[in-house]
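The chains carry the letters A, B, C and D, assigned in the order they are written, with residues numbered from 1 in each.
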Amino acid sequence: MTKVAIMGASGYAALELIKILLRNPEVEIVALTSRQTDAPHINEIHPCLEGRLDLPCEALTPAQISERADFAFCALPHVASMEVIPDLLADGCRVVDLSADYRLNDPAIYEKWYHHVHTDPTRLGSTVYGLPELWAEKIPPADLIANPGCYTSTSILGLAPLLANNLIEPTGIIIDAKSGVSGAGRNPKLATLYSECNESITAYGVGTHRHTPEIDEVLSTVSGKEVQVVFTPHLTPMNRGILATMYPRLTSEVNRDEILNVYRSFYAGKPFVRVIDRIPVTKDVAGTNYCDISVQFSGDQLIVFSALDNLIKGAAGVAVQNFNLMAGYSETTGLII
Amino acid sequence: MTKVAIMGASGYAALELIKILLRNPEVEIVALTSRQTDAPHINEIHPCLEGRLDLPCEALTPAQISERADFAFCALPHVASMEVIPDLLADGCRVVDLSADYRLNDPAIYEKWYHHVHTDPTRLGSTVYGLPELWAEKIPPADLIANPGCYTSTSILGLAPLLANNLIEPTGIIIDAKSGVSGAGRNPKLATLYSECNESITAYGVGTHRHTPEIDEVLSTVSGKEVQVVFTPHLTPMNRGILATMYPRLTSEVNRDEILNVYRSFYAGKPFVRVIDRIPVTKDVAGTNYCDISVQFSGDQLIVFSALDNLIKGAAGVAVQNFNLMAGYSETTGLII
Amino acid sequence: MTKVAIMGASGYAALELIKILLRNPEVEIVALTSRQTDAPHINEIHPCLEGRLDLPCEALTPAQISERADFAFCALPHVASMEVIPDLLADGCRVVDLSADYRLNDPAIYEKWYHHVHTDPTRLGSTVYGLPELWAEKIPPADLIANPGCYTSTSILGLAPLLANNLIEPTGIIIDAKSGVSGAGRNPKLATLYSECNESITAYGVGTHRHTPEIDEVLSTVSGKEVQVVFTPHLTPMNRGILATMYPRLTSEVNRDEILNVYRSFYAGKPFVRVIDRIPVTKDVAGTNYCDISVQFSGDQLIVFSALDNLIKGAAGVAVQNFNLMAGYSETTGLII
Amino acid sequence: MTKVAIMGASGYAALELIKILLRNPEVEIVALTSRQTDAPHINEIHPCLEGRLDLPCEALTPAQISERADFAFCALPHVASMEVIPDLLADGCRVVDLSADYRLNDPAIYEKWYHHVHTDPTRLGSTVYGLPELWAEKIPPADLIANPGCYTSTSILGLAPLLANNLIEPTGIIIDAKSGVSGAGRNPKLATLYSECNESITAYGVGTHRHTPEIDEVLSTVSGKEVQVVFTPHLTPMNRGILATMYPRLTSEVNRDEILNVYRSFYAGKPFVRVIDRIPVTKDVAGTNYCDISVQFSGDQLIVFSALDNLIKGAAGVAVQNFNLMAGYSETTGLII
């Protein structure tokens, strides 16, 4: 049994985290934090939790958190995360950080994309990037895991087998990604109002989306070459789900069956990646921790499709997967499978 | 040709107003206002207007407005409306007010429901309520029209023929109304975020919704008796449309055909009310100025259905209908029919 | 461990049933049936089950089913259910029937509403109606449970405490219900196409919906008087969820707190009914087996709100709740709580 | 005044056609056809037309149509179109064909993609392709216009200026297109049920969608070289709209402003193409005949965005644009602008 805290409990990913952890028999949720000073009950913030979790959402210091909990999920925004994580770690509390603060290796790249000086730069480069399908062996001993971005996981899981096997060119890989609106967070903004998003689709953040350097960096590690992607996210009128449609250039002639076999052996034994014959559909992974992957040819052009639930496999689900590995539980505990 | 101004041009109803007026050959839009001091082009606020209207959205005084325009549509929030309308009228500018400020007869009722002291109380009671299907003859000579609320029109149009003919009890009339999210306005709020509204329905404002006294007051005038309704609005996951399902108690035995005939003769010659045989469906009136009405029996209980587009017949469309009557144009000019 | 079969596995409720049973450690799914003769793999019918359940969907006889399974969930359409259930029971297979075939007490009422002569009339009147919140003690010994309709459960759970305590008049109770589209089933029909349902709301089946006699009958049992409701269902643009807004007439003066206390004691110890202070919202129960209930006054009119997920608490979830009770497992096993 | 007939009046594009033509003062709709033998009133098929058009939907022969009408819009499926169009033309009735039957130049290509032998092959190659932005001068004298496909127009309008100016490579152009569900038609199918499409996105028809050869052929004509695109359509949970995100390879270095200027001069004087600075959003063109186009760079990769309403500019709107040009009316008559 592990005592866990969730920091930044008011957002959508935190809600999913709570729901998953409530199903995890190895976990006791002992603290929830938000920056609201009146410590509202979590049921006031997420009414669906009525009768399921009886905790206030407090403004706690890192010291107070590590006193109560052995483990913290940090669902704070970037910058806010790196303000508290060093203290948590110093107090012996292990952390899965769902923010972007520890995902990149280079403080300069962080500063370029996030417009903030990194205040804990020595941990960059040594923090384990929490994608268990790529390096599950690094996760158990870690004290801090940088939980991947949602678009990032979708893209990386779709491209890693091809890059690891030198089947595609490392540059100019087009990633045309479609995400549900929950990925944009729960802070009220004009752009995410119902009447603005419903019955509409558009692209945004072209050339500037912050998941781009993350994808490039992790895939470069996988590939051994410098990977550079063209990443175009689209806001899609649905709550949940990401579909990435990816157009890499093959380095040699290889057919669909051969490629699917590469995927199948790359993900052999990985419980949450399904290499399927059909084109993935986001509703088939919604509410689950699965990432569905397939490929098709359109003439000579290979197209890779990757789909997951942005709040589960793209955030809270993989966080629990990381937690399970860190804490020594079965990787799938509490996750619908 | 009439020169018109639109005050408070950034909201959803104002956008529909602009679109309708652009199709009205008798109208020139000469001024748009918002409280933003940097006078953004209207295309920045409503990108769909690109190439269709070349005007900034200025912070204009009533004097500046009435200098340019003969007619103003006031789409400001309540309170803001009554701060400018007296000056506009004094300057000879005729006004259709889409806010609630001039809809009620009694300043005390206004204060009770809107929590503000009315600053122009002498006009209450004498301002014409702009529901052309009820008293079209009062509208042409008016200088100020109080444009009805969206739920209000839906409910009143559905119940007025029955009350005018003493067919139903005036009290305890249940109005169970379902509205699209655009009715909640364009200011970013948690409750109207896409991920909060999508895939969900709920009631709100039970016993407290401000359209309640408006419905009661107008229907009391129609009925000659004091009408009191039970009004329960619901937030429905769609952009547009209101369906009111109403449960009045009949005063005598009367069958469905007789009732439909009462409606047909009440609305004879009214171009925007369709008394239909089927149950109204909101998509059939979306984007139009129609209100579709029908009735059914469930056992002995009469059920009245009324549907309209909350932004058109519930706001901008009826505003233009009122304008057309005030300005002496055909009632249907510019309105899709 | 219980071996179960699911008959009629291709629909939406059956899919939810499979998902719930896969989480139930006491269950092994041993057979799936559909009327398709080519025995497609269940993954072809429900692609989201890829890697989760490896069974074909066969055209099995009752004898073949009871040879493999101790327990059958029957998700066939009405009429088809009563054609197979007598044989299953004769072979010792216990059954939860999700169809309407065994819900009503009187074959004449069945024939009137379903336009079919009941072929197993002796079981009507003695079959246990599977609403565990009302008569949990009758369920464990039963061999056949009639699983309630979705609108029915929503309405009954909202009204039973008031009727059991004689707080409301038994007749003329208005139930204005709003359901997601999945309730209309998975057979392709014009009325349930995306482009027909999206961005629209309407009522349907006014005075003729088949859940009406079911509500009347069960509530009459609860009340001891003949209950007669006015039931108006609405098709709402969402996949999941039912909200019933109910307008009963109080028999005496009683305030909101007193009424909420009646509900709280009626449902004390019932794990899946939450009596809440807020107005229920369907998204708060979506994906769960909860029914959320609350009440409000609008003037003197009491309004009862009841919300549940039509496919879970309204179908597959309550079916598993019944199964758990019949099989002697904890009522909540496998159900998200 | 022109007397027009609409053949195949029961679909979504036909409904939009009727609505647009009702606003066109130069048009009288004199006949509607469907294959239903009982000649239902058009209001039974499209209830939103109640009170707006009083015509039955008859099973008429080409001879009966050309007797009543000078002009026919053919909204029949492919194959059905080429069965009636030769007779209509022989009788002097001019035709805009919304099906695919006359869009391609080569009967062999038609047969390959549509799996039918073309029965009127001599007209292929000489029929004018009705994209007024490309060759408006060919349309007025034509007796038969092949109205473009919806994905086709979106893609061609976005790429034509670049190909006409040799700015991009003609092959391997990636078109990642997202369409609303109405594009899939009004025949009930599992894949377009509300509960299947809502809350989900997926690709379909990869490498096999029939708009592919149409795009290739028209763009080859524009380019003078053989164009070959990689076309990947996606089914998006919304009724209306297409967004095409296109990734061509530049032939030389050119910046964004230079490219936008190429578009602006290519579309100078074209009332329905808006070259905009922002990324197009489908809701900004929904309900209009506009196609919004813009470009962005993501690193060195040029991305072209093109958005339109699949039922208007992608079908019924451009059909009326073609009709207006053929009949000698202003190109914009009846079209919202």
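What we mean here is this: contacts are C-beta pairs under 8 Å (C-beta built on N, C-alpha and C of every residue); 3 or more make two chains touch, one makes a residue touch a chain.
No experiment lies behind these values; they were computed from the predicted model shown.
The chain pair with the larger count of C-beta pairs in contact, out of A-D and C-D, is A-D. Note: the chain lying farthest from subunit C is D, by mean C-alpha position. Centre-to-centre, using mean CA coordinates, subunit A is 40 Å away from subunit D.
Between subunit B and subunit D the centroid-to-centroid distance comes to 36 Å (mean Cα coordinates, whole Å). Between subunit C and subunit D the centroid-to-centroid distance comes to 46 Å (mean Cα coordinates, whole Å). Annotation for subunit B: residues 180, 196, 198-199, 237-239, 281, 283 touch two or more other chains.
On subunit C, the positions that touch subunit D within their shared complex are 12, 180-182, 186, 188-190, 192-199, 237-239. In the complex of the two chains, the subunit B residues touching subunit C come out as 172, 174, 176, 178, 180, 196, 198-204, 206-207, 228, 230-232, 234, 236-241, 243, 245, 247, 279-283, 286, 296-299, 301, 303, 305, 307.
By the touch criterion given at the top, residues 19, 23, 47-48, 50-52, 198-199, 274, 276, 278, 281, 283-285, 287-288, 290, 292, 336-337 of subunit B touch subunit D in their complex.
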